[in-house]
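Pasting the structures here.
Presented sequentially are two complexes of chain A, the first with chain B as partner and the second with chain C.
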Partner chain A sequence: MQHFIRRYGTLIGFVAILVFFSVMLPGTFPTARNWLNITQQTSMLMVVAAGMTVVMVMGDFDLSVGSAASLAGIVAAMMMSAGQPVWAAVSVALIAGLLGGAFNGAMVSLVGILPFIATLATMTMFSGLAFVVSGGKTISGRAIPEEFGNFARSGIPLGEWGGVAVSLPNLSIIAIAVIVAVWVLLEQTTFGRRLYAIGGNMEAAHLSGIAVKRLRLIAFSLTGLAAAGAGLMYASRVASANPVQGSGLMLNAIAAVFLGTTMSRHGEPRILATVVGVIVLGVLDNGLTQMSVDSYIRQVLVGALILIAVGAGSIGQKRP
Partner chain B sequence: MAPPTPLLAATSVTKAYAGVPALSGVNLVVAPGEIHALMGENGAGKSTLIKILAGVVAPDTADIAIDGVPVKIDSTKAAYRLGLRFIHQEFNVVPTLSVAENIFMGRRYPRRAGFFVDWAALNREAQRALDRLGIDHIDPRQNLGMLGLGDQMLVRISAALLDDAKLYVMDEPTAALSADESQRLFRVLREIRASGSSVLYVSHRLDEVMALCDKATVLRDGRSIDSGVLSTITHDDLVALMIGRKVEEAYPKAAAAPRDTTVFSANGLVTPGIKPISFSLREGEVLGVAGLSGSGQGELIRAIFGDAKLTGGSMRLGTAPYAPSSPAAAWQSGVAYVPRERRAQGLVMRRPIYENITLAHLRRQSRAGTWLTPAREKRFAADLGATVRLKAVGPAQDVIELSGGNQQKIVFAKAVAGNPRLLLLEEPTRGVDVGAKFDIYSIIRERTAKGAAVILVSSDLPELIGISDRIAVMRGGEITTIVEAAGLREDDLVNLCYGRPTGMVA
Partner chain C sequence: MSLNKSALALAGVLLATTALGTGAAFAQAKVAIVTPYMAQPGTQFYVEAFQGVADENDWDVNVIDTAGDVAAVISRIEDLVVQNVDAIVINVDPTQVTAGLQAAKDTGIPVFGMDAGADPLLVTNVTSNGYAMAAETATYVADRIKGEGNVVMFVFDAFPPVQVRGVIADAVFGNYPDIKVLDRVTPDVSDGGIADSRAKMEAILAANPEPGSIKAVWAAWDQPALGALQAIEDAGRSGEGIVITGIDANPQAREAIAAGGNFEASVAQDFSGIGAATADAVARVLAGEEILQSVTYVPTKLITAANANE
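Entry: the complex of A and B
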């Protein structure tokens, strides 16, 4: 029984939340349109959380993803406002994220600084850089090419639903693509297997011939790349960039991964579990907003939910 | 004359985990002034029984009496109050605190003015506790984490001996100790016995038990068998009691003598931990490495395994130069390693058996070195599991669910999976029960029969003599001598380890 609660408690709670909102908001919550909306609202968080899962599989984590997302948005916006083509701006922003992540990885694996300290430091560095590059201003309006802003607003038409045209938003498609890529990477390749081994026992992994340093470096780079991607998605969605717009992503991404770990066998992060974690957070946000619950109350509820889920996961687990 | 009231009498102890009986009506009677061995294979129920005595696990039924008075041990505090002390491998220690602070952990520190810790007195008291074991090389002010495993164990034992208790329960106390440290511990245990207190001694090392203990209780499949007085039975009888059948030989014989082809040679190896070391190994040969703990055995193995930077010297593997830059390169070249600590270094405990076995061989156990093929891996692991006589539900079972001996077989399966030319073993049978030990020795023999060479670092001297062809003795980071193992006596080997003259003809 304890085991059942530990393993499936989060899923049961998730279903309970769905039922609750469907009863309270029968006209607006359980509709295809709302669900497509949720996938779009959560797409940025989904991408960051997927990247976060990669490092958390190794038992590491990255606090700098929010700042990296902001920085990537700023870099792209600055380039576009300077007249560079969209593809070039996007590429440079992604490369910046990759390099930022590699820098994190180098600090953690080559220098040997604890991830908490290293990424806390780069979090403030990236954030400061975003301010320096942008001069502290929001870049918006005519500086942003229309095609960049339009991308987030469009999608693939899925037909009509109850007389309303619905479409799968482009941002949701990107999120799904990232999830699939991370799933393949973590669950289907030797790379993923090795990351899980590092997370389970770094010393044993090293002595089994796994290049621990190199893999940690690569994993952090991927997390940085994902953060930059999310930053670009955000900038496209609001057709502007400011140096703090990614700051809410980091805590939510870590929360989503932790929610996910309550569903796996030994509490290890799994990408599909992270997806459920993100959707739980997204549904709560969506439903509570529709019920006009004050946003500060929402924060209290979401925090409490994470404590309950992770706390229930610890039931019956012996202290080390 | 009526027998004296037992110091500890635990009768009809039963305990089942989720319906699976771990202990079914076990009796354990320890007389005052007795060193009593508790023996049995892994999984026989020893640790459950100890945990019940320690108040960590609640028994389903148990009648426990101390000095003839019925007691209930429902917490670790109760066990402590009743005069029971426990010394085991997973004892709580804080590596970042000093030796003295660890010794006094859970006790009141000496105070000055009733408030300030009297550090001088604390260190003095700690030194006294260490002195009792004749330990003069450990400074009580040193951080515990700076000490080797053996020394840490000595500190734990000193802490338990700090105040007088009725019964000391020791779980494999010598696993990390050198022969000399073990001897010092035995001296103290005999003092304890002389003072009228008792010791419950858990060990897989039969020779130790035979030499040290008065009586034994053997657990087998959750039931207890009283050995009677140990001085009246033989080593083989005791083994038969433990595994329920007669064993012919403790060490399987080699099928053939080593061949004359050189597999591996080291020429003047130097790393920060070792002085120039040279030796060579032939096909099918087992080279034992003996020495006091910290004499450079670990450093030598790490140098050969590419996990330490060579500052001098060279190696050859087969006919080619061998200079591994990392453990990955060593595995690639056909050098495999069974590390000293299987949990900390050998296994990813919460992953399945097959993932652990293929971890060092993923390049070959995958498609194009990239794509996982779990079905193939599982078949591969199941086949290997059979060759190492692994007892498990299946290749997908998590390693953490297995007994110590079976876990060690997985480490071996990983090591032999690539048909290594050179097998590096450190303490391969530590904490492994008699039956699994024999299986592990058989695996070593199978490898040498196939032409592999083996370097065996062990603190278990009978094992070194029983398995090795030659034994290299290390002292202060160098090999002082290499002797033939055949006919070598244990005390001669101990003397060699200390650099003392031996009675044997060179």
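Entry: the complex of A and C
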């Protein structure tokens, strides 16, 4: 019984939240349009959290994802405002994220700095770089090509719903693609199984012949790439870029992965559990806004729910 | 054990939410303010004044602060659209939240700008009139120097809201045949604008050493005015009666004006007035009226030694 709760408590809580909002907001919450909104609203967090899951599988962290997202948005926006084509700007921004992630990986695996400290340092570095590149300004308006902003505003039409045209937003499609890619990577490949082995016992993984350093380097690179992707999605959604706009993503991504770990057998991160974690956070924002709950109280509730979910899991595990 | 505890706690949280969220009666108009900038002092003045009018009208006002997150402003606007509120007020650059504004437009929910910037997707944007603010100080200068003498202008044409101020001052001074614009300076603002304005003013003072050869300094915002003041005082020429004016009436400028030196006047925006006028615009639209002006201007106030401490 206790095991059942520990394993499924969060899921039960999630369903309870869904039922609660559906009862309180019957006309608006459980509608296709609202759920398409939620998938779009959480898409950026989804991509960052998916990337975060990759390093957290190894028991590592990346605190620099928010700054990397901001930096990627700034790099792309500066290139576009200098007249470069959108594809070139997006490519360079993604490469910047990949390189930033590889730098994190090098610091952690080759130099041997604790991930918390290494990525705390690169977090301020990336953030500083974003300010340097942009001169501290928000890049918006005519500097951003219309097609870049329009991307986040369009999607695949799904038809009419209650007289309003609904569509599957492009940002949601990207998020789903990233989830599928990370799921294949972590759950279906040797690479993924080795990351879990490292997370289980790094020493044992090393002794059994797994190239721990190389794999950690690659994993951090992928996290950086995902962060840059999310930064570009954010920039497209607001059709602008400023040097701090991704900073809120980091803590939420870690929170989502932690919420997810309460659903797995041994408390290890799983990508599909992370997805549920992200949706919990997104649903709370969406539902509580619709119920006109004060935005500051909303923050308190989100924190409380994380404590409840993770706390219930810890109690069940009966740690000494 | 853990089931009971966590279930109880969850129930508590949800119950609290219910209590907090269901205060609104059905007949009330639902109006939401969404801003990423609640922590900025000006925003709090707007919101407080808005809520004053909202209370009179018995609206259910939901103030949403996204704490600097502009994408979250779009998300919250989408939520409000799904919730079908009666009106939405934003306090953020509308070009950054077009996705949300479009969603509101598609369902016919009016969106108002509270010092946000003009945008075709807004019913109206309520703000201060930059042209009028510049006219206040430029005519103050022209009147004080009795329509004749040399004037130094500090402008910044690269930033549209400040550029319009320079245009008006040009027109006012150009209308007096005996006023000559000695120099039209664009200071380097990377360090805040005071230091470079001071350096530029020192050079102009050195080039015009005769007392009375400079009658006034008109600055398009307060920082260059403060820099010019420092330069004039340090050059020992504060006794020549050079008139300095700024715009915005920031605390440092108010202090200088109250001290009674060369810095004589600036213009203050009425933040509370903007909040109240936004609420009035919402009330008019909720009453079925159509607002034709895409921008609604709220009067500003000339600040001199007489009222600088108010």
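The rule is short, and it goes like this: the second predicted complex is superposed on the first by the 318 of 320 C-alpha atoms of A that agree within 3 Å, B and C clash if a C-alpha of one lies under 4 Å from a C-alpha of the other, contacts with A are read in each partner's own complex, and residues count from 1 in each chain.
Keep in mind that, in the parts below, a residue touches a chain if its C-beta (ideal position, glycine included) is under 8 Å from a C-beta of that chain, and two chains touch if they have at least 3 such contacts.
It should be emphasised that the depicted structure is a prediction, and the values quoted were computed from it without experimental measurement.
Of the two partner chains placed by the overlay, only chain B lies in contact with A:203; chain C stays clear of it. When chain A is checked against chain B and against chain C, the one touching more of its residues turns out to be C.
Once chain A of one complex is fitted onto chain A of the other, the partner contacts of A:115 are absent, as it touches neither chain B nor chain C.
By the touch criterion stated above, A:193 is placed in contact with chain B alone, chain C being left untouched.
In the overlay built on the shared chain, the residue A:105 is in contact with neither chain B nor chain C. In the superposed pair of complexes, A:269 makes contact with neither chain B nor chain C.
By the document's definition of touching, of the two partners only chain C reaches A:290; chain B does not. Contacts of A:34 after superposition: chain C is touched, whereas chain B is not reached. On chain A, the surface touched by chain B in one complex and the surface touched by chain C in the other have no residue in common.
Interface residues of chain B facing chain A in the complex, by the touch rule stated above, are 305, 307, 326-332, 337, 339, 344-351, 355, 359-360, 362-363, 366, 369-372, 398, 414. Across the interface of their complex, chain C is touched by residues 1-2, 5-6, 9, 13, 16-17, 20, 24-25, 28, 31, 33-34, 37, 40-41, 44, 138, 140-141, 149, 152-153, 164-165, 234, 237-240, 242, 244-245, 247-248, 285-286, 288-297, 301, 304-305, 308-309, 311-312, 315-316 of chain A. Across the interface of their complex, chain A is touched by residues 1-3, 5-6, 9-10, 13-14, 16-18, 20-24, 30, 32, 60, 62-72, 74-76, 78-80, 82-84, 93, 95-99, 102, 106-107 of chain C. Partner chain B is touched in their complex by these residues of chain A: 187-194, 196-197, 200-201, 203-211, 266, 268.
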